[in-house]
Amino acid sequence: MNPRFQYRPPDFKVSPLSGAPDARFEAAPAAGVLPERFFSTTNLPTYVKVDGVWRRPRLPRMDCVVYRDGSDLVVTEPRKIPKGGRVAVGVMEDGSEGIYVHAEGFLGGRHSANEFGFMQTEVSRERPVDYAVLAQLLGEEKQRGGKIIWVVGPALVHARARQDMIWFIRNGYVGALLGGNAVAVHDLEAAISGTTLGMSSTGEGVEGGHAMHMRAINTVRRVGSIANAVQAGLVKDGIMHALVTHDVPFVLAGSIRDDGPLPGVLTDTLAAQDAMRAFTSQATFAVFVATALHAIAVGNMLPAFVDGSGDELRPLTTICVDQTEFVVTKLRDRGTHQAYGVVTNAQDFMHVLRFYVERWEQAQTPASVSR
Amino acid sequence: MNPRFQYRPPDFKVSPLSGAPDARFEAAPAAGVLPERFFSTTNLPTYVKVDGVWRRPRLPRMDCVVYRDGSDLVVTEPRKIPKGGRVAVGVMEDGSEGIYVHAEGFLGGRHSANEFGFMQTEVSRERPVDYAVLAQLLGEEKQRGGKIIWVVGPALVHARARQDMIWFIRNGYVGALLGGNAVAVHDLEAAISGTTLGMSSTGEGVEGGHAMHMRAINTVRRVGSIANAVQAGLVKDGIMHALVTHDVPFVLAGSIRDDGPLPGVLTDTLAAQDAMRAFTSQATFAVFVATALHAIAVGNMLPAFVDGSGDELRPLTTICVDQTEFVVTKLRDRGTHQAYGVVTNAQDFMHVLRFYVERWEQAQTPASVSR
Amino acid sequence: MNPRFQYRPPDFKVSPLSGAPDARFEAAPAAGVLPERFFSTTNLPTYVKVDGVWRRPRLPRMDCVVYRDGSDLVVTEPRKIPKGGRVAVGVMEDGSEGIYVHAEGFLGGRHSANEFGFMQTEVSRERPVDYAVLAQLLGEEKQRGGKIIWVVGPALVHARARQDMIWFIRNGYVGALLGGNAVAVHDLEAAISGTTLGMSSTGEGVEGGHAMHMRAINTVRRVGSIANAVQAGLVKDGIMHALVTHDVPFVLAGSIRDDGPLPGVLTDTLAAQDAMRAFTSQATFAVFVATALHAIAVGNMLPAFVDGSGDELRPLTTICVDQTEFVVTKLRDRGTHQAYGVVTNAQDFMHVLRFYVERWEQAQTPASVSR
Amino acid sequence: MNPRFQYRPPDFKVSPLSGAPDARFEAAPAAGVLPERFFSTTNLPTYVKVDGVWRRPRLPRMDCVVYRDGSDLVVTEPRKIPKGGRVAVGVMEDGSEGIYVHAEGFLGGRHSANEFGFMQTEVSRERPVDYAVLAQLLGEEKQRGGKIIWVVGPALVHARARQDMIWFIRNGYVGALLGGNAVAVHDLEAAISGTTLGMSSTGEGVEGGHAMHMRAINTVRRVGSIANAVQAGLVKDGIMHALVTHDVPFVLAGSIRDDGPLPGVLTDTLAAQDAMRAFTSQATFAVFVATALHAIAVGNMLPAFVDGSGDELRPLTTICVDQTEFVVTKLRDRGTHQAYGVVTNAQDFMHVLRFYVERWEQAQTPASVSR
């Protein structure tokens, strides 16, 4: 009933692909330094011709290189290339240097009535958001056992969408949560003292409020980890509590503006990138809420599609929620073309989405149960 | 349990008010032209001393004058003053010229734990919106038979919050609807052709879409009025349909950007202002959604309080919903200090507010009914 | 050196245009009511086949009809059609019903390095604004005696870009100014009392400030017109003063939020539309600054091109300046595709543009002068 | 002629300060873990009573603690406190626990006609920006040998304000530049290939553009440092070139979204914070342009005033430029109350500010020179 996107690999038997040369590889002159004409990757399906055979390196992401690791072709960050490592070179993406980026396969299909076409509508607060479709996509992704990653900013907590986020965690819609120190700090401050940035849940300042988040950080540092704070009963509810008690993994990346930071925050940004990419490489669905920095960071790491076995690829649904069109436009300008923008308040988004997901779940229930 | 705001009139027996002179009135030199030192009104409780007695002219609004019409004191627009009309003069608001603006009574009470204090929080997408409180305020206003006016922009229809707006109309939460030609055009286009500005409800353009709103306008012009279009069965659903079938009055003010316009649109802006003020003078609650122009227009006309009999005044709850902080800030900068800002998408606001109002209604139901 | 856009009319000798039927015209069933299948116009070059000949009605604008007035073909507002008037019908724009909208001629040329291609770049605060090109386009338009219309919002005055606007008026860059009551009120308030909305030029509130604009309005009403206020020496500087003393025409359209209004404001919105269209039909260049309402109103009225004699058409350069991407995007979404967006503060735009125009003027000066 | 702000320390001889107890210090239970009731600092002048004497620890910043290092009182980050370190405790800021935060001294003086009063106006695109005052403040700061720090985001380069930034560096207005990897990458990409994010200076995409910034990064990595790239002649102009050739120090902090990163970027966020605080502790003036992340990070570190010898304090002028009110409001909500917001496009800000600073410089020139 809902026709799905069907990826078709390019036809390598017809010209000009049929006559393309093998890709060339050159040695890195030093560790983390690339040969001059290195090929810079995108997040689209990419084919590299080696020994006369077109191969598709898995898990492409933007701004990386194709590295020949033994007989493997690996898409990896330039900084990880060893001295002498063999790196694909070329500046053309049309196959004429043995490398072919299959943009048509994903960005072309505007006219078909499929979910990806739906994903390509313009971003505007004036466009209606079809929460029913979003809820269905999310629900089906859970059903098929996909990995749904959430990338969230502190406004999610600040704006009291916290209960809804907890609901999604408890009900299996969160495969991993990626964020920064602040989102965890605000959530833990709320759990420990009932405030966020010293403001009560009704938006009023409280006495001594500006220090509340520092006290929350100190409490957690004292027991050594967020998990310990949960187990010790110091943190009895909230997003971090739900993640810990439901064994949902999370990555907290450090940033220049962090207070504390909390134990477990990865203060080295390269270590944090690696930790995040471990999750993005398994992701089959992504939701970005109220975070420009992390949305763009994770957008950079994500393939535009879910890599199946063989040639079965499907689009990697990516939803980006922000108060302004700007963040979504920026994300797409930087290559995450598949991002579907929802221009609204994070609190309201979470509330309405949850409402629609609950309704979708009820509609899935067999008749016998609802009797 | 929920302590209410209690207005206390100023104490006229103590200095300096006790020693204030009578207010002076001077004749207008020409129709619609004021005496030089005319007193310019605000939307706050205002007292004028006449023959040694402090009187409070009813229904103050911004940017008007106090006019002595026989023995009455009337707050009216300068353009309506006849030649020779007696107009209060003075530039001080502290009583020293016989006129006293009681700002303290409304803007002062920051520290008491009342609903109006709540209303004075700063506007920011980061502040949590307490929909439960908004729903309660709205529900109680309906219960006490207040006049709730809605001032809406076309984004309300465009963003498919239409069903929710209809729900509020049907359930008695709308005493009058004020808007422009566009909101009605979009709604009628949706009723007649299923599109808004040529876009389907899922946000896709349709063939010949750019003319759809012109065809809707023509359809209504052909039958002479919106009410006729409803009665003729040409318009079977939507906001205008709900207003007509539930006898809820509406005012559509013309603007320079109108197509058509629809029959019934008041193309003269002064006539439109008069028509709107007829409703704002009775209003006890106001909701502005997604309209800068009309929000500021109506904000200008509204008293900051509901005028009861005697000295019982209560704040006139004014909710302003917009995608950005800017509109709300602008509204408040122009004197509508009481406006409570909700920074979100109009569609989501309507959805969540309705959800909370439904829940509030259920909580009001006596136990016997829910059995 | 700077290759110009060259419009090429469609080739009517090739299929399918060569075999197109004549356009059909039907009688309006009542005054201001159109035949069911009326053709709704755009702002692009449009050809209508009459008696076997393709004709191009002049001055197309959006949301109008093609009316056969004797042997003339006139693009006019539906409300002006008399009962029985002959109106072109058809819903196809490809010539198959005798009407052809030549979208390719203007919207197609993305790949040529011309000014219009330049005009089609996306709107974003991140895109650099080439003020040198804007200044050159403006300067050349003045040189060739074009009609440059400015459509301005009150922020232009509020933000103290007033001196720069005056400079453009004095130096012949303003053919007409279109705006609302507010822009004139703020400007006259500044001229009379040195404040705007009661705020001094350094942004501080002054005593009794909220009434200052009402006093300015009253002053002008007393003498009967803005021109009289200038001649009487009550208004000695400012935008309105410059317009009056340089005989530059202006239209002030009324709106629902007006105070006063000032004498000369057209309070009937249809009269105001007609007055504005008298200028837009002669316009060869348009600059919209800080006004959503008027930008969209005037955008609706403007052809996308300057109508020359014969088939010489050139794009009608339209610059839209606003603090956010939203207004420009909205303007383009509503059909003013040619609008070039500048996302910045109105004050800074005016300042920088003037600086570049002054520099461009100096570069035009013959060498002998600069010695 | 321009009356300056005069800080007056509190009067410790009057009650209740005169009777205040000594502050209490408690031992940190572990390294980086604070005693339960630690005192959390602000950026305002703070006095701590030790042995009956009120002392003022230098360089307060937000979210730190007062640490007793031998006889010194040091404001430091919690993570730096050793096990057993003596940390001031108390939750009151009014002296009743021996700690007094002198908010009045800085935040109170609204009514005096001084530069800091000017700085406290609300943030709005509608408020006029007095560039003449900003230019004077900047010029005088240079004259008195102050340390002016600039905190900049990539939009500064992207928007071609680059030439203006270079001008400020060359003319001694930049004491240090703080930013992230991206600002340097964009600037170096522009220097090496003439594009920013693959877009030419007129805003058009170039062939292979998406890889341009990766090639720029690789070029710099190959030679080992930005300074080497300048010295090797690979980078011949731009912001980084100007910093290197004029010996202006800079700090580039890593973030989760970095490509590369460039050599010299501090990938550990705590190391980056320490490097930045080394400059903020000497800063006497701060300009934040187009960066939410770094503005808030640096805002957190800055005292609200410049610490002179003795009790001579003056406000630390902090200018925050952004396209929206939101960033400035957020910065102030997080405690950088002294920030003066300029709501505009970064490119235009730089252009106009430079123009006014040049004019200010000319006005300073002695008459003899201008003859």
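The first chain written gets the first letter, and so on, giving A, B, C and D; residue counts start at 1 in each chain.
What we mean here is this: contacts are C-beta pairs under 8 Å (C-beta built on N, C-alpha and C of every residue); 3 or more make two chains touch, one makes a residue touch a chain.
Here the structure is a predicted model, which is why all the values come from computation and not from measurement.
Q: Once you count every C-beta pair in contact for both, which comes out on top, B-C or B-D?
A: Result of the comparison of B-C and B-D: B-C.
Q: Taking each chain's centre as the mean position of its Cα atoms, how many Å separate chain B from chain C?
A: Roughly 32 Å, centre to centre.
Q: Between chain B and chain D, tell me the centre distance in angstrom, where each centre is the average of that chain's C-alpha atoms.
A: One centre to the other, that is 44 Å.
Q: Chain D: which residues touch two or more other chains?
A: 125-126, 324, 333
Q: Would you identify the shape of the chain contact graph, picking one of line, ring, star, complete or other?
A: Topology of touching chains reads as complete, every chain touching all others.
Q: So in the complex, which bits of chain C are touching chain B?
A: Residues 29-30, 32-34, 36, 38, 40, 42, 62-63, 78-79, 91, 180, 197, 208, 210-211, 213-215, 217-218, 221-222, 253-261, 267-270, 272-273, 276, 292-294, 296-297, 300, 324, 333-335 of chain C touch chain B in their complex.
Q: Spell out the part of chain C that touches chain D in their complex, as residue ranges.
A: Per the stated touch rule, the residues are 118, 121, 125-130, 133, 155, 158-160, 199, 201-204, 323-324, 343-345, 347-349, 351-352, 355.
Q: Enumerate the contact residues on chain D facing chain B in the complex.
A: Residue list for chain D touching chain B: 124-126, 325-326, 329-330, 333.
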